[in-house]
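Heads up, the next two complexes both have chain A, just with different partners, chain B and then chain C.
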Partner chain A sequence: MADSGVTDGLCDTDDIERSKTEGKELTKEEKQRLRKEKKHQKKIKEKKDDAASHEDEKKKKKKKEEKPVGAASQPPTQPSQKAPAPAPVPVPASETPALADKPAKSKADLKAERRARQESERASKQGKKGDVGQPVPTSKPKAPPSELQPVVKRLPEHVQVDNPDVLKKLAKKLERQQIPLRSDYGYKVSLFSHLHQYSRKAPLTQQLGIPSTVIHPAIVRLGLQYSQGIVAGSNARSVALLHAFKQVIRDYTTPPNEELSRDLVNKLKPYISFLNQCRPLSASMGNAIKYIKKEISNIPSQCKEEEAKSKLLSCIECYINEKIILAAKAIAKYSIEKISDGDVILVYGCSSLVNHILCEAFEKKRKFRVIVVDSRPRLEGREALRRLVQRGISCTYVLISAVSYILPEVSKVFLGAHALLANGYVMSRVGTSQIALVAKAFNVPVLVCCETYKFCERVQTDSFVSNELDDPDELIVTRKGKTQLEHWQEVPSLGLLNLVYDVTPPDFVDLVITDLGMIPCTSVPVVLRVKNVDQ
Partner chain B sequence: MPGPDRETDLTERIESFLSDLKRGGSGTGPLRGSAETARETTALLRRITAQARWSSAGDLMEIIRKEGRRMIAAQPSETTVGNMIRRVLKIVREEYARSRGSSEETDQQESLHKLLTSGGLSEENFRQHFTALKANVIEAINELLTELEGTTDNIAMQALEHIHSNEVIMTIGRSRTAEAFLKDAARKRKFHVIVAECAPFCQGHEMATSLSKAGIETTVIADAAIFAVMSRVNKVIIGTQTVLANGGLRAVNGTHTLALAAKHHSTPLIVCAPMFKLSPQILSKVNVHCPVFDYVPPELITLFISNIGGHAPSYIYRLMSELYHPEDHEL
Partner chain C sequence: MELQAVLMAAGGGSRMPDLTYNTPKPMLPVGNKPLMWYPLNLLERVGFEEVIVITTKEVHKMMSTDPKMKDVKMKLDVVCIQEDGDMGTADALRHIQQKIKTDVLVVSCDLITDVALHEVVDLFRAHNATLAMLMSKAHEFTDTVPGQKGKKKTAEQRDFVGVDQSGKRLLFMANEADLEDGLSIRKSIMRKHPRMHIKTGLEDAHLYCLKKAVVDFLADNKSISSIRGELVPYLVRKQFSKTTNSPKIKDDAEDQNQKTIDGSTNHELLISSRDEPLLQLAQERSCWNDHRGDMSEAYHGGKLRCYVHIIDQGLCYRVNTLAAYIEANRLAPKLFEEPAVHPSAVISERCQMGSDSIIGALCQVADKTSIKRSTIGNSTTVKEKVKVTNSIIMHGVTIEEGCNIQGCVICSNAVIGRGADLKYCLVGSGQQIEPEAERTNEVIVGTDQLMEI
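Then we have the complex of A and B:
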């Protein structure tokens, strides 16, 4: 436990120092020296407000910069804190039982408490700059999450493109990590000026020769595959990411005087920034990265390198197996109960999970036929059509504008999801909400299939605040020999909008089939909470 | 003798018109757009009235009906042809009645039910011969032609009453009426237009380029994004191929989805349709199994803007009775 505490402290100083020395490349020795100084200072401060700051840490569990606290003071106050926390009690109330345990708290103690809280908040604000990754949870025993933690969320960079300060910070960070900054392309519709818009024809790798010492070639290849759309779909992207990370771990050697758990996490950060520049990370990828970082930092420092690496590789294998492959099997099992003979099933686009379900149902000799709905400009439905027809399932193919024409024939709609948000909204490929809307109008049941690792803590009510803008040139098409939009850039008042995702409100969705069972859309936050407790 | 020459000339013209119709379906052939088709049809009917041999109103109506059936058979999806034929038939009846001296006002339809179920015999057999009938009919058809020429402008004139500044308006595909409507409003007001491209023909692209050249801020979106952006749209303004007797629409593919999305967000749906698109066909007789067109029920429509003003969908049947005679519903 002490080790992990040390790890945490070192992580803190790392970040604090990074934010202070923006743009300057420090040598390793300088970095180490700075780190040691900061650690020393912190240890002195901690000894002063040990007992008082403990309660504050309990409240700020979600923040990255948790201070290592002496373990001895924790156990006595923990049981008292565990009791009120599960019930949704407001924070002041949970404080009172704890305070009641220490009846001898004087005014001086309260003042020290307050001062410590302020200082820790200041330190945490300083150290917050930099990463995309989620806080590294420590291994010290946690109280069950109280729902009323003051969640100070940092807004991700990719939805603040219209803020020049944020862009400058990003540019500096990327420069430090030696990753090229991708520039936006084309006229952006004003409603979406807060999002990036990149061109497919200008992948990141063209701009600079990236030496392999900075970014592992497997990651470069992966980034290119993402930006060109060769690897698409949230499951495929997550699996590809995990395989690439496995390769990175295999090729990794711990430099002298460094700890694997700390150094490997730092090595992954520029890779993640690079992949983010190639294509914004999906919710599933974000969860996978969180998991990997947690596993890496949980490696005890006395573990040998080979052992540690094999442990990590097996962890990743296990994650892929459990969360994706076995989850798909479980979901298929539940879904097949919902498919009856003579059904006409409508699917949209190409969802690997839905395709898997339909193939499994066909293997189990269910009689049904499928209508594949497709939309421009991606036309992913053709891939789904190919896969289903190969198995021998009878399919019909329509474009999304004809959906209200064929819907009277349909008995069920199966949709895949990119992520399930905490307010019950389903984030999926653009057009999904439209299909759900029309299905609702015709009283056709809509079933969404989604693994639990795609559940996300974000909330969103419309498709504008956070989305992805794809290359606008993809909308251009030639019909009857004329390409109307060929010179759209030259016309100042013309814009093309190529959205990638949209959110479906929960009242359009009748059922969500997950590996934990079949739940209504509004139960997503419950599942998230259960998952957090398990972790 | 001028007679046979005129006749052969007439038949030639009719044949060429029929082949034009056959080649072009809904604006893709040489007859671009329904306004053109309506004008051509009416001009041809005027020529038939002028040049064909007939002695009484009944004969004329028979000839028109016969040729009309052939025209409709050439291109069933182009309903304006049938509409114009019915208009001209009504004109003939009216002129005949005027010549005879009786009034036709007693024949007004009171309700949609009577409109659908009336099939009753009229004792007229239109056999009386009136010398002035031909001239009167031709004059009335000329009036009809002038009306047709002014429809788009009449609709566009009403634009400023319905569009205010800084609005976001959505439209789908390509409608010349809606285009003229928006361009007219853009002369005085600044607003933003989102065009759904309407795959697979992607006519929305043409609409977008034309609107942006007129200086309107335009954005092109894929059909799949209609619901996603609908929450920021203030009004939906569309054109249509046909307006049905119950107030519903037969419009381009994807319009039903657009209408449902607008209803969900309580966004008004405004249809710009000139009167010659009104068709007395009712749903059961309309061929909805053609995926090129969508049926949009009248509950999803807020307003019809036509060359004679704005109407609610529930009022359409009344207009129908003013334009067409119930006996002509089945040609």
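Then we have the complex of A and C:
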């Protein structure tokens, strides 16, 4: 760790300096590296200046070593301590035990000298230019260093609601963007206390003014539709998001002395926070947002506003066409090969892609029947059932508790996915892993259909770390005029858990049908790598 | 900008002529604030910065002199119209069509409420509705109203409101006066919404969110003159008419053969945004439906949707009758945390004042008076040994010594002579009650204000 910290010199400090000025939270490894580098530089300076105050250095070094131990438990307070650190160049420290190699030192010495010179130059530049100049040069060098050395990736979806410091940071960020903070509701089951749990009866618009001036009306409408479940389903949410962004771009005018490429991205940030507060963003939405931000920042500065806007609008149209509409066609084409006459296909919930495939297969005159499995509290299977029966497909409807009884009849299982994770796990509606498990037990092939834009670089092996908690009151049902769970909040030992997603391990999935072809679950990281290189 | 607010303040107050013959309804004092201050305050609290106020020249003049109106920090764009009373609310909207650039929120000046406005607007936003309105459970006014003889029968003016199972979608609206032989509901509505709840005890709050396309539609259809009376029932009916359910816009060319009003539904159909195919795509891919049990898609494929938010708790009054006015005077001050006694009022120490009472600015209340559950307006003089209970006293009134006033409404600039005993009376503006008068349950107005028969 120490050696890598020393030898990876330039890129590291660049990286860390940049992220410091951009105000992001540094990970533990980066901080340790930074500390070690600084210690090394100070040590070299001290050696050149004075060799006599060795004992003082030792004492101060001990103090600094105590600092990291104590501060490791409070990551958010570190940046505030680190920020003034580079400028004044305080505590001299010596790490004689750690860096004792003499030949390594000479190389390291040169590197340290170069680094020290660069830092001083940078400090003087900062004083002259101010903050405006910083983002522009730092955005460009971002691309090369990532190829040189693997940057430590931060988990943006790493929600930590039970950590008050993280909550405070979130509150501050929202305050800066003038977006109200949505408060959690009800008792949370302890295993999931790190996730948000909102109530549908307390929409975020309660705290917003009417008419909304901070947030574009199309985005407010979208947020409401998300939180009330009117737009649900990975594809629908992405399409609706892109549609709303089109409205935003149409109504956008560049303020004077600003560049469209930078200002528009900054305008979109509060909207994205708002949508995140209404309902946590899905992986497909995250990818769509990344694409749009990239497109916006790639607009050349000499481009006129009208031209730039029409270019962006056509980019969005193109994205939807390629990644959603054409991808659905391609997946349908591949899947139809897998559907043979006389098949009994089991589907779960309402996946827009699976419904599309089945309707296409039916139109191509394949003879099959469908078993729709449904589960509470969403009961989305009813909608899938309606769409399939409307086309004329013969369907059976069961609840998930009957899955093991109905599986002996089934020849194939088609599942939709919310996202495909980098380790091959499939993230989908809660209940999907159950169905995959039971299907595996019965030796029924499980095929997952997923477009490539839903592939995500996250890695997850269980459904606890990152999930979504829906309104617990949705679990309450009234039968024959009686609502048994009406006063569930008054029972201290009772918690209602309404999970939305779960992850299915790749051992239970036999094939993933994507627009790139039919791949095994373990090839997902390959697809991701190919995609990244393309972009 | 998302919504533009329009305040309709040109109404005459035809149901309480005794109060309004001198003071126009929007400026009637309720809790010592002009009536139109309440909806303006509601809009300001919610976050509006500009309001278009449609009113008469007289009201405009009074607005500029009233101190409370200066508290309103929003920008008021006042549009004056003629006072002859022929202009309905829809006509007024048509009049300001040029100013309307986006969806509009129409509020009536006589609405006093503390409803969370976002509930109505959320229905309007989330479902992309054409109309969203507010209704509340009708209140039974228990206070004795001066000049009322016997119990008033309210059965003639019932409104029948039909909502769907969720209680939000407005399916049917008709006034009893328009229904001759009975309530008839079209089969197409029953097929789409087999379960309908019909409510009669609801009062319309006259708060409407309308799409811009509706205002444009009004501009072409000059026959609609009242929002509540004609436009709203028309829109509710149009939700289920055959033309609005046709999925393709091209088909509308064939429907031009129908009546002229129906032909103009093209305007409402063309509400669609420029990215309609994308919106369609999102809806198709979404696994949500507003109803279940039949084979149709969300909203039954209809583009025109009307929603209503019904509140059963909380304050919501329309001050258009005398009873409502009295009730509002009692309850409206509770909405705001303001001192009951205005700092500039001079109240002598031996006055007994109940906590429910409100004293206006520059009042002078002498010794040994008792004021309970009453509202005293600005610049009023109350002399010694006066007992005021349950009354509303407007501005500039002089009450001489020894009077006993119970349950009365005394309009501005009236003079009550000494020793008068008034129970449940309404004293008109500028009237003079002779000393030692004893009146019970009378309406005392000037002879020139009496109706000509």
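Everything below uses one rule, namely that the second predicted complex is superposed on the first by the 375 of 535 C-alpha atoms of A that agree within 3 Å, B and C clash if a C-alpha of one lies under 4 Å from a C-alpha of the other, contacts with A are read in each partner's own complex, and residues count from 1 in each chain.
In this section, a residue touches a chain if its C-beta (ideal position, glycine included) is under 8 Å from a C-beta of that chain, and two chains touch if they have at least 3 such contacts.
Computed from a prediction, not measured in an experiment: that's the story for all the values here.
Q: Go through the superposed model and pick first if A:229 touches only chain B, second if only chain C, both, or neither.
A: second
Q: By the touch definition at the top of the document, which applies to A:246: first (chain B), second (chain C), both, or neither?
A: Only chain C; A:246 stays clear of chain B.
Q: First (chain B), second (chain C), both or neither: which does A:342 touch?
A: A:342: touches no partner chain.
Q: Is A:256 touching anything from chain B or chain C once the two structures are fitted on A? First, second, both or neither.
A: Touch status of A:256: no partner.
Q: Applying the touch criterion given at the start, work out whether A:389 contacts chain B, chain C, both or neither, answering first, second, both or neither.
A: second
Q: Show me the residue ranges of chain B that touch chain A in the complex, using the header's touch definition.
A: Against chain A, the touching part of chain B is residues 194, 197-202, 205-206, 208-209, 212-213, 215-229, 231-232, 253-254, 256-257, 260-261, 264, 288, 291, 294.
Q: Quick check on the complex: what are the chain C residues that touch chain A?
A: 1-4, 46-49, 105, 116-118, 121-122, 125-128, 273-275, 278-279, 281-289, 292, 295
Q: For chain A, which residues count as touching chain C in their complex?
A: 203, 205-206, 208-213, 217, 220-221, 224-225, 228-233, 235-237, 239-240, 242-243, 246-247, 250, 320, 324-325, 349-350, 352, 380, 382-384, 386, 389-390
Q: Taking the complex as given, what residues does chain A use to touch chain B?
A: My answer: residues 189, 191, 375-377, 398-405, 429-431, 433-434, 437-438, 441, 462-464, 475, 477, 479, 484-485, 488, 491, 493-499, 502-503.
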